[in-house]
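Take this structure, written in structure tokens, and hold onto it; I'll ask about it next.
Order as written gives the chain letters A, B, C and D; numbering starts at 1 within each chain.
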Amino acid sequence: MIEVGSLKARMESTPGGLKTEEYFVNMGPQHPSTHGVLRLVLKMDGETVREVIPVLGYIHRSIEKIAEHLNGRQIVHLTDRMDYLSSAMNNWAVSLAVEEALQIELNPRIETIRTIVAELERIQSHLLWWGVLGIDLGAVTTFFYGFRDREMITDILEETTGARLTLNYIQPGGLMFDIHPHFVKRVKEVLAHLKIKICEYETLLSENVILQNRLRNVGILTSEKAISMGSTGPVLRGSGVALDLRKQKPYGVYGSVEFDVPVGSVGDSWDRYWVRVEEIRQSMRIIEQLIDNIPEGKFMVMKPAKKLTLPKKSYFGQVETARGILGVYIQGCEKEEPHRVHFRSPNFNNLWVITQIAPGGKMADLVATLSTLDLVIPDIDR
Amino acid sequence: MSEREATIFSLIQSCCSEVILNEGSGSFSIQVPSEKLVFVMEHLKKSESLAFVMLLDHLAVDWKEMGEFELVYQLYSFKLDQRIEVTTKIPRAIPNAHSVSRIWPIAEWQEREVYDLFGIYYINHPDLRRLFLEDDWKGFPLRKDYEDPFMLELVKE
Amino acid sequence: MSWEIQTIADRAAGATSMAEVGAYLVLGVVLGLAIVSLMGLILNYSERKICAHIQCRLGPMRVGFHGLLQPIADGVKLLFKEDISPRNADRLVYIMAPFISLLATFLIVVTVPFSPLVQIADLNIGVVYVAAVSGFGVLGVLLAGWSSNNKWSMMGAMRAGAQMVSYELSAVLALLTVVLLSQSLKLSEVVLSQEQGWWIFRAPVVGLVACVIFFVASCAEINRTPFDLAEGESELTAGFHTEYSGLRFALFFLAEFVNMFLVSAMLVTFFLGGWMPFHLGGLTGFNEVMDLLPPGIWFLGKVTVVVLLFMWVRWTFPRLRIDQVMNLEWKILLPIGFANLFLTSIVVLLDLYLF
Amino acid sequence: MGFLSREKISGTQVVGDKRISTVQAPRPQRKSFFFNLYFGTLSLLKGMRVTARYFFRPSTWVTQQYPENRQELKMFERYRAELTLKYDENGYHNCTGCKICDSACPNNSIKVIDREGPSGKQEIDRYIWRMDTCTFCNLCVMVCPHDALEMTGRFESSVLDRRLLVYQLNRYAGATKKNIEKSKDSESKDLLLKSFESRTFYEGAIPLSTSDEKGIFDGRI
């Protein structure tokens, strides 16, 4: 096969020969496959991407500044709006930090329900990602299948928490509500339903030759690069590093359940794809182990209006969201309002990976890579 | 402080004796003088027994009363399965710090974020521009003395 | 049963007065226009309904019974929309491009044999004409992308150009197979040659292979998923028609849908016997039962099936990448096409027909 | 056979001193030309079977036709769409105007205005809720000590002007029934009851829009 690069060099070396020119395109902020208001400035050579320059800030809401005026309980609802697809996990991260600061001991019921809700949230997030990946690669139908099944999970969450997306369910010291009486029954129904549907997903997309060709060896992220870029979650695991906070520093009741960490081998888009699909199964496995024996107890261990005075110390709460490690840094100063709040968002680090792995690929590869990185833009901008 | 953290701390202290433990943190945290920061960071990453290969997070805290910015780096080591918080303090009047983007590439963007919101100038940074805000934005919003006529304050009686 | 073929052009040629010739001329044009616009509406509606049902949705439900009037409502809406042209666009080309696109489809409608008696013109080099004119359709897309002065449109147009020209090759190779089998370039004779059985069944394997190749190639030619790189919504926002709005956009849309119908009609004509009822060699009794349905119904039925197939494919698969599209053509379809052509010549030489 | 092997490739990885059980992602296999052609086509046909199944089964279609199905559409009882004061069958609410919800609200959407009652006690004058800034976090309901608030599922609240999204929630101003019953002093009780009787009823939530306010009503009166 003739290398395009060498051909180009030959063309340019011949006097009066063909000349090609690199050009810039703006992908975004309004582009169907940037999933929000992300803007990528692309330096293109024909169809080939030469450089990617992300431009951020289109949805910067200064959550960190707002949080400096709110107390520990009020911050939680802001985190819903960061990574809106894993809002339960975001709430949990803040709650972890605040609970660590105030040394609140939780009962096993709270921990179990938190874990189940977080895993349900993870499944719905991955289902949405699966559907959107289809749309990015041109298979519009998968989008509807993914959303249809995700809808069942959001219905469960809605019944228990009163909201579909911005749950604000996990609060410092417990939960906003107790679980709904129908919760257990409906979760079981959904799990049974999903088990069948996942096989369908495999036939429709995973085994499809076109999808495999589109994802195989596209956007290869080696494990060294992934680590040095600080990427976490399925992106890092796709590169073959089994870093999962649920295993590493078990919070909730993750220490007592059995599950495997799916990892990739090459670190290309296919590995990231497969890791996410397998994570749905593993999450289902976790829920299955927990759903039958939710312990009895209170769902809130402190008075709902109790003052949360944070000591003058810094706390770092971490959870594994659907996209990686979310860290919440809270610096207290003997007041209800924290001195400084910082969110270490997984998407922020995962986004910059695109500058390293997209150049050299085709335009369509960039879309596939972006899609498998599974970015949620409000989480990057905060 | 657990036993393992004590060994890690002694390992770090053997390379740079000015490193002290940071008491103002809920987790394992060390404080480094700002001029030694890059040296210690390089040691933390390159040393085989430590191998803090991942820079999880970087942020700044504005201590207006003390006239200081506190820079916080969260590092993670796969080898030790340990997270460490490295902090350093720089004067608020001259907010200059050395960039660690040569050690961890991701620091390039994390430092851009801190520059954008705190106005901390990173020496040897390859591309120090604003990240979130517009290029002609005035002031650095996360500083405690930042004032914006359009900012909506919560009005509490 | 012998079929009497009489096209509108034939009738015009046999006319006695100039007025009669004129009448036939008008009839031909009106028939062509009617087919184009009617097919646009029907296919638009059915595409939306079918994709909706595949996707567990209901599709258009509000305008008319089950949304039957939706395409008309959309057409009216597009008619009244502001017609924007970009500031630095090449005005003349920009305005012309959608018409060129539609013209190409219109020119093919002329040759489609709907039934022995309904055909506008029956050229004796029909196959060559179809191949040539369908290549003309690329021009509209290319010009649209070029004149819009938009990088996304340009990319879409270039993709479309490369892809459509390449796949033309395979499509024509598949057509050549049938030309070999039926030993004629005239579309009506191609249909008549299938009186013993359709080529997809009658020619052992080679007919089927050629049919599949033609199906894939024409899928690429009319820019439908998995080959919709020219529009590639998630990559190029809308590809070559990014800048088009209002009526001009509607024309592109119409051309796309009518193209789908035409490609199906061609596939039916060449491989599924056109308007010819389902015959099996010398089984006279069976053939006569089949002949009870009029040929026009046979034709439309077959076209419906193929169009459904096109839609089914479109709403199932992801899109290919540009280099994979080229690989598929040059490394897979073309070699198979050539081998198939060679095998067909053997079939023809040795008279190896199934029945 | 095929592009993907079905068997599960388990393994372990050591991070720190923990052994982590992993599942390895299978690689899509590509072999000879005809292998790829056969299994490629097969995979496409399998995919088409899935979509065809849905096409022919109307029971799997999930579309809800919203404005038509208003009668059947029922939101879950916890659904958070509109903040309301709970009213009993006599039209009394429990709000004492203690302002706990006001201070718990993260974005100042609630403004409780008190007044001095006839007995000298604080009582509610107006309870103002701004839906336009509300994030429906439910904290007000959670912290309310008198169980006076609830979130209801009336989600059709779109209006054409943002100012119309400012509501007054209480239908009457004055002390709660409970407080009146509690007061032992019969004189003050009479006084309270008197004020209670003269209360003015409003129907439903009342948008507080005043066109002369510059821009948007900010809750400060």
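The rule we apply is simple: a contact is a pair of C-beta atoms (placed from the backbone, for glycine too) under 8 Å apart; a residue touches a chain by one contact, two chains touch by 3 or more.
Not measured: the values here are computed from a predicted model.
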item	value
Farthest-lying chain, centroid of Cα atoms versus that of subunit D	C
Centre-of-Cα separation between subunit C and subunit A, whole angstrom	44
Centre-of-Cα separation between subunit D and subunit B, whole angstrom	38
Centre-to-centre distance between subunit D and subunit C (centres being mean Cα positions), rounded to whole Å	52
Centre-of-Cα separation between subunit B and subunit A, whole angstrom	25
Sites on subunit D at which at least two other chains make contact	15-16, 18, 44, 47, 50-51, 62
Per-residue overlap in subunit B, given as positions that touch at least 2 other chains	78, 81, 154
Per-residue overlap in subunit A, given as positions that touch at least 2 other chains	141, 148, 204-205, 208, 210, 241, 243, 248
Touching pairs among all chains present in the structure	A-B, A-C, A-D, B-D, C-D
Residues of subunit B defined as touching subunit A within the complex	24-27, 29, 53-57, 59, 61-62, 72, 74, 78, 81, 83, 85, 104-106, 109-110, 113, 117, 130-134, 141-142, 153-154
Of all residues in subunit D, those that touch subunit C in their complex	37, 44, 47-48, 50-52, 54-55, 58, 60-63, 65
Contact set on subunit A toward subunit D in their complex	70, 73-74, 76-78, 80-81, 141, 148, 151, 158-163, 166, 168, 171, 176-177, 180, 200, 203-210, 212, 216, 238, 241-244, 247-248, 260-266, 270-271, 274-275, 278, 282, 304-305
Subunit C residues within the subunit D interface of the complex	50, 52-58, 61, 312-313, 315-317, 332
Complex contacts: residues of subunit D adjacent to subunit A	2-4, 10-11, 13, 15-16, 18, 20-28, 36, 39-40, 43-44, 46-47, 49-51, 62, 76, 78-80, 100, 104, 106, 135-139, 142-143, 145, 151
